[in-house]
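Pasting a structure below so you can have a look.
Chains: A, B, C and D, in written order; residue numbering restarts at 1 for each.
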């Protein structure tokens, strides 16, 4: 089986997310890493590309060069991952899609709703994929949650509670460091800080698991560190299109919550909860019965959870494997497209450009609500 | 040492809260149970009083009789606990205070702010105590949290997150039962349902631990079971008088959260969290350091936590002991008052009439905000 | 309902176990504390008795006086709890039984097998109860375990794993304190240290839950602190009379295990586990199915667990309530005996003199095995 | 940087361990998978090799062919992983070492002590590495444990408690399946079952973390399923060369313990514990102080733990990354050897041929002790 060529823009030396993409993309053997423009410094980009095993001619100085040269190759990359600073996502993703490449863009997909809409339209027009890296959706137990909701195990969903709150932004001294400070500077970070950095994952997960969209929001943005221009804490109520009541709390001030991404879903006849720090378990409580601890790898899990699984029950999987699940999905879909086939429905669970667009819409509505004294704003 | 006479109104056979008061009041030997009017059925009240070891003449048919007869006795009860339906709290507490009895009232103290203010004024005028049973504040580790905040261990408090969300109101079939249904009927339950039943505990705990008051709120009330007239889910943002950002989630729909009372407090240089289902531990994370598991009974705890402790570390204490702590506080304070002494400052940590009043104020503001599209309302 | 008179020998001021007995005995209202000889110092015994609300004439100077005076009273105590140093248990329990009192003896019941056999025979001869305080068996979830095993939910029991290992004896400096050092002095502590202090609880629990007896043992006694003459760590293999394989680990050296009493039982078609530090939950795994978290107070529990329950699910119960369960059992049994009735079978689950005897037999066999190079010794 | 060539014997389609080796070996980019003999069926071996991206000429029919052809290549594999049935480990590892290849052998390294000694000698003689896959030692938090012990944080180690007990062998019906049954057949499985399958990991971990060797053992082997000829449960006491008291429990009958590998180490002034199912945390309790939860990725960890780390704190790593750590170690060491350099001391923490030999020695002593009525046997 010939592997699909894969390229990476950004995510060079010292980048956590770059490592996770490289490790995740190769895990299941669908992709081969063949091209990169991983650093703004052309020399470093070259050195790091070589160190990662790229051919010299495919260690590019910048994404423009990569685009120009790759598009003329027969063995061009089939998927380009964009892991550059947020403000550049739109431009780069757009350019690659228009040149006929599929794109896998880091979150947030764009800085503004307009940009997001633009990518959505380009994706539709060109037929190129623009996936968004809500990587936590690749965990088998997150897929189990989605299956159970879709299957009606919980009945109609009454309430979803999404949290992504940790102590990442709690050390005031960090703000003296420009590599942190930019997050709270609207000219660099855009309309929001912790909401775009963390909360957006939890919001997407609420949509992913319930299969619903957010229709309206009421938000309170807090500034625990008062000097910050953008929020470091956000509590939002929301409503979803099938009537589900939503609650979001995202914060960078929550010292002691190491990561802090958690989802709870409560339906008419059951409740589920999951937390990223213990990703191999999911808690399921049927109404008036004991809570059950579902284990990744258990043979009682849904087809979608089994499909995302790799190793035996009891042996923990971690974040890189969740990323890998998205690459496996994308690989399957691209192969099906290349061969003119219809991809497996479950391979299409990767977060797509509509998801990316919807998230930015929600964030914009939250910003507006927070500015308007928490008045409700339609999405 | 002569024990203080204690009497109970309501809380008769089959009442959980009645059991907890009787068990808690006698645990530390400060009070002796000597009078009761525990059932609306005079016959049952008599039978149950006898079964609990009361003298026949002090098994009263109703609270009015109890008040009349007790006030003429030399050995009158010194503290009357009011564990009747919420709508009667004001009238009974008022009557006993005006007759010279100290009162320990179940929560919510009253149905309205006006009633609460009335009790506050009567307490001030008569000098009688009107304590409110936010019983969870009696847990040693809750007192440890308050000590640590007061001591500055966390620095200035940025965010407090209070939750009381369980599956208590999740079974739609229960609403066919009048003993459940009244909670959602405004003519019987007053202005709110889960907020008054559960959220009020979490709110008080946020105030208790931070030493602050709530100054404004923005609330979203949800009706997960649509037929209900009052809310079964409430998400509220709030602000406190020293600038702390507040978050409250209370729900009766959260299937799988067995109890669901949790408090998290995040300051400039540390965070703490505690949950009622595991009350003997508290988690403390100094900024940039590992989380520590503090154990009730540990010799490194604050004086206030040590004071509320009874048994050796590793042997769990439970809810009845938390209730007992409030009785011990009240016993100390009443003895000091009787002897003309100033009570120990830490004995005065019991939730008092101002706390009861403040809670009702907050609930009213939440109701108003929820009706007003989540607009902010001052408390 | 007339309460049963209760008396306490030992367990005076500052004694944890004395507090737990007093609190536990009064919790359910079956007993009234009316007599005591709680301190070896007659003056302190008197003062402390008064402080606990005893009549002056029933604050005795020593157990001999208590026995003499109580046996001549019409309103004599019906149950005497013996909470004195271990070496005195036999003599005191024997004397009270022979004088017609029921006895509730702290563990270990005696220092030697001979003494234990003696109490067993006296109990049979006199018809007086000699219960032993394996207090943890009073927890509702421990009773749930026993019910499930008896009900065959796990199938035949293959393996039982009992642990009681904490850091209680880990601080070498404590050995300079005579109040600690005696435990490791054979002339004062008898044949064993941590085995008698802690392990004996875990051993009894293994018997209690499986309904079996230990038939043979192979033991390794360790001396983590080398200066100690008696063991501070014991690993034992054992066999039970229905073929179950047994494993025991008890240690006082296990720093970080706050309490450390845990039971795991594995049968043909399911496994259960419980730990005293989280006593309100029990984990139950049917073969090839997800683990379930059973909650004290859940309506799906066995009759025996429901019977031992007091408060609503989600509100923790602790150790004092477990002790109280044994008092409730004893109260029921004594009342039935007094009235010539057959007591409820489940009230007879309290640990009795045969249990006390069996435990000492096992310990003796362990001592012998440890001395004999871990060779197997029949019990 | 040129990658090291890597080859795999066994571990073909459907093999969990094969997947884990392939995924782990490529994670850090030190090795490239270039040769394999992954199935006993030559056709399947070819097909699967191709599917994994091997060149046709390096998809070998059996290990003998692989050895013959690889040894004549200039670009020969530098490390051969042996993931075949246990009984073949010795022969294959020996042959590859003698032909000048480094070997990474699955556990147990051999079936007998004699075979193990043979590999030890061959490794010494040839200078070829024979590593053994005690893969769990690659977890960063296991390395943290070893660092803390070596650093004296716990003082002298008094007790080590190693467990590997799960429900893997609990379903009696599985024994009808030849793929399971062989484990309990001495002619196929050798001298022991669960001890060699699971317990051997826990034993090595006890040695790895304490830096000690086992000097004597007393073992009890149980047969929970009576038809089995080899043990499915083993409780062993042991002693280590610096006087540490050891306890091992390994079982395949422990329904509800999903994986069940746990290590606890107790020293004079502190205790630590870790469990494989939650591998990113480690619990550390200094004497008389609160327990701390150390997090993988925390900046307070030891150099060795930092070195084994890849992704940010809070993002779980799992088993494949632990395997990858051993490949990274081996890669570093092989490169250093190739270049004539001394490898980093911490890269030499991978389990080596002496560890493999020592484990088999211990197992043999356990077998002998169990047969001899648990009498102590020197290792």
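Here is the rule we use: a residue touches a chain if its C-beta (ideal position, glycine included) is under 8 Å from a C-beta of that chain, and two chains touch if they have at least 3 such contacts.
Predicted model, so just to flag it, every value in this text is computed and none were measured.
Visitor: Could you classify the subunit A-subunit B contact as same or different, where same means more than half of all interface residue numbers appear on both copies?
Guide: same
Visitor: Suppose chain centres are the mean of their C-alpha atoms. Which chain sits farthest from subunit D?
Guide: So the farthest one, by centre of C-alpha atoms, is B.
Visitor: Between subunit A and subunit C, what's the gap in Å when you average each chain's C-alpha atoms?
Guide: About 55 Å separates the centre of subunit A from that of subunit C.
Visitor: Nearest whole angstrom, what separates the Cα centre of subunit A from the Cα centre of subunit B?
Guide: Roughly 42 Å separates the two chain centres.
Visitor: What is the distance, in whole Å, between the centres of subunit B and subunit C, each centre taken as the mean of its C-alpha atoms?
Guide: 35
Visitor: Going by the touch rule set out above, which residues of subunit B reach two or more other chains?
Guide: Those would be 258, 284, 288, 291, 295.
Visitor: Across the complex, what residues on subunit B touch subunit C?
Guide: 1, 3, 16, 19-20, 23, 26-27, 29, 50-53, 166, 258-260, 276-280, 295, 310-321
Visitor: Which bits of subunit C are touching subunit D when the two form their complex?
Guide: Contacts found on subunit C: 158-159, 161, 165, 167, 170-172, 218, 220, 222, 224-225, 233, 235, 237, 245, 247, 249, 251, 253-258, 264, 266-273, 283-288, 291, 373-376.
Visitor: Applying the document's contact rule, which stretches of subunit B touch subunit D when the two form their complex?
Guide: Going through subunit B, the ones touching subunit D are 284, 288-295, 298-300.
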